[in-house]
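Let me begin by presenting the structure, written as structure tokens, before commenting on it.
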């Protein structure tokens, strides 16, 4: 019998079905199947590896149908996002609510990071309910939103300015400087992308910009993307993580995987698994401590300027 | 406050993450999120509803990479399927093994159903190992393969004829008659499609063909598809289940859902959940009993001809 | 200034818009743009290169809408294919017409190649109108249809057998042998795939099967695919031409390009260009001459058996 | 014979191939085929209808390969976008060039519209070469870039601030007000989207924001999108134009079509056709006259404020 090719080392194994499997058990059994299932298992693996290295003003959306009569929806002032509905009147009320809040702020530029922290705080004090902005507010996790002008929040900001000239200035260029400075301070970073779009390039350009000022930065060390777009049309949303390496957005030896799947399927499975598997790893890590409340944020007590780039890494401090 | 629109009835709810969730718990929590996650939860729901209504000669594939040097693989006689490898020599050996088995059969036409049952039986006796063909052989479940000529098995059949003239005749038209007759006998059928392709249309045309001869057939009552292809290029693989209703392939009131996802992610999650949730439902059902071993198969003791269409339903028997 | 990288040789140029451009001029100008436009230009280039190396029973399809009420269509017996409609009654009448024709044939197995030639001939004599089958009939071009059981023609064949036992046998395994034998005779072949599916693998496995019997066959020398499916789910329809090289379906040095586009956009543009550019090349080529009318087809006077594989190439004859 | 169904009115016709067809002739012949080809023909039709209603500092990108060794590219400082390369050093030089130019501007907030006009002017004076920014500068066409922070230009702006504190402020909220005011002034607008992303929602939210202040605005009257993303994952890039109608982004009676294709294939064909067919229509139209040079732009002599929304339509002036 001919010698087995060097390419044929790790046999593919069928997924063994059992009753009562938990998310982490399902992902563990996906590690030896083919295609995107294996990639999702790899994503779980990389996330855990990453953790070993170091780390609502609630209106509702409604269950709807993709086969809607959109003229009827428009007449009832209902907005559709594929199979999900939202109330136009609630959007308008929400824009006004944001505009009102903006009027209470000093008329100066705010990075999206500072603005969203303040909006999260206002939301938490008003509603006490859980959501992305309120959770980030309570955990002091900075949120950057480079395309904030392309959103309902942006529309609220523009209405604030209409009502009170001089307000509603968002400093998106300051966001670039801050995000790069975070990486300069703490270079072993991860890029976790859900669905592509503007945030994908923003988090990846941050490491390129950081490297321009600090040689110790060499691209993100970990990269996961759960995307549905494809590389062959040349857009950033679908671009491969290999392309990102050519740009220096990711280091050439970064642990990385692209999962071609709708995040609404892959993410619940992945985070349900992590809820079990990450717990022991998190106990062994020191979380970076942010203060996000003011014009200049800090990380572990050090200021993160938005007017100039830093050149000093954490390790060098 | 304006009255809530009739369209805004069921609020979307975020997926609540917890440690130790099982597949069925994850899918239950997906029922109120948006997009494909909700569709996968609906697929689970339909499958359970369906159950309430009534009723390897093992060479390996190997873990590989999509970024392979295919010339190097070709030189080592390794075949690539995206991120998965297989040995060319094992394929060739397998084709010969099939050709040899075919030579032991009477030189007459076989439906793909009969041929695959016999091949499954030979596999089970030779290897005793688990796989799709051997599992179907042991459970007497008929398998139809309308595009068998487009496969490695087809190549084995062609080599059998090269070696022994008059062998290797597969009666794919007989498959059409048999598959329609099964539906004529037992009209409350389901169409479960993984990935599209020839099997998708074949199982769906069976109900159209069946209805041509029996008025009690009105299209499949249940339909699930887990597909990655899209409707707007007009192909059958990506076609919507709504299109299938216009053809009468599905009844106009069939329970149905399309899940846009790679089956290697969605299927392990779905069947892991069903392994828990289907058990009590299966105990309340009588499975249909097939005999698949000979030229004419039977269902619950009644013959299913492959030379002529029947016109009598089970309920009428 | 740093020396220009070896990777930066051929500058991308914008597409220059002008009035009155013909298809071939448009494709020539696409040769220096990015992404799928450039690939379509390459497809044109490869097709011309290929030419240097050496074409109804017309019922209609109707302009429809993807946003149809499929229950209403079903009630009117109208079948939908995305944005296109067809009449169910015409389909049924057509199935019966096919069944009637089949009853006139001798009750023996027919390769899909022989059957489709005879059906094309019957169509031409009955209608005198232009279509794929009638054009191929008139030009003596063989057509193989490995998944014929998964089609309206297959349904017609099954109805023929219902009416006249012993008819409707299609020898899809004979198709495998014939298609491989064509390549064994004339090894410098091209694989032109529109949209994927069963025909994609069938034409590609033919060269693998041919090589098994004749060492002078080394995979298709030219390969073009205009597809919308993607590689990363592991299916054959979306598989890359590189994967096909690992299998030996294409030679390792084959000229090849994948165009990621709907054939209904790319093909009219490409063939409009070829209608201009291919004319001079075709005058310099000898076309292979087929006879397709009987049980055994011929190429340039030599028989192409469907019972056994040949081992002799044209050049060796 | 049964009466022809009301659904079966317009027969599909095959594309007739001829030598020497021009782009407009090809598109005209696509009007009766199926799927995306027909949609591209419809896009051409809508664009002409729209016209009847009223109305580089050149470094290169290089031809590359999608099968690159990205580590080798990174080492040579070459950036990859699928099959296209660019020089990292030229990007860095370009960022510096932008930073230098920004330092010459008054340290005040600029809308992206004003900034890009000024950058286009500087480019034209420096290079005299043709490109999107220089062409728009010369024709006084306003360009909005809501996600400017997510780009190489954004990186240049951040470096300008590093060098000269107080510079590099882009007023993306002013962009929202200006873009809505343009629509309030001239409500019969079109939304032409190539590829999706942030610009797609930005141009569509402009009409929603405009309608909030002026009842005569009722959504864009014309909408074309040439996209590759799909609706079923719920993202804005792939969202259908029907969804946009539910939001009031498009009027319920807008002429609209989605073409599912790579713009690098569909756009050259479409604009080549328009270069012929639009000429006579353009002669019958009065173009709107913009001044884009200063802090407040004008349209036909009327100011378009970026500090407050207008409520007066052109027709009412």
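By letter and in written order, the chains are A, B, C and D; residue numbering begins at 1 in each of them.
Here, contacts are C-beta pairs under 8 Å (C-beta built on N, C-alpha and C of every residue); 3 or more make two chains touch, one makes a residue touch a chain.
Because the structure is a prediction, the values reported are computed rather than measured.
Averaging Cα atoms per chain gives one point for each, and the point farthest from that of chain A is the centre of C. Comparing the contact residues of chain A and chain B by number shows a mostly shared set, over half of all numbers used being common to the two copies. Note on chain placement: the centre of chain B and the centre of chain C lie 26 Å apart, centres being C-alpha means. One finds 37 Å separating the Cα centroids of chain A and chain B. Centre-to-centre separation of chain B and chain D, using mean CA positions: 45 Å.
Touching two or more other chains at once are residues 34-36, 67-68, 73, 78, 81-84, 230, 232-234, 242, 260, 262, 264 of chain D. The part of chain C that touches chain B in the complex is made up of residues 66, 68, 70-71, 73-74, 78-84, 88, 92, 109, 146-151, 154-155, 157-159, 161-162, 165, 168-177, 180, 195, 197-198, 201-202, 205, 208-209, 212, 228-235, 237, 239, 242-243, 245-248, 252, 262, 264, 307-309.
Residues 2, 4-12, 15, 17-23, 26, 29-30, 32-38, 40, 60-64, 67-68, 73, 76-78, 81-87, 89, 242, 259-262, 264-269, 271-272, 275-276, 279 of chain C are the ones that touch chain D when the two sit in their complex. On the side of chain B, the complex with chain D involves touching residues 34-36, 67, 230, 232-234, 258, 260.
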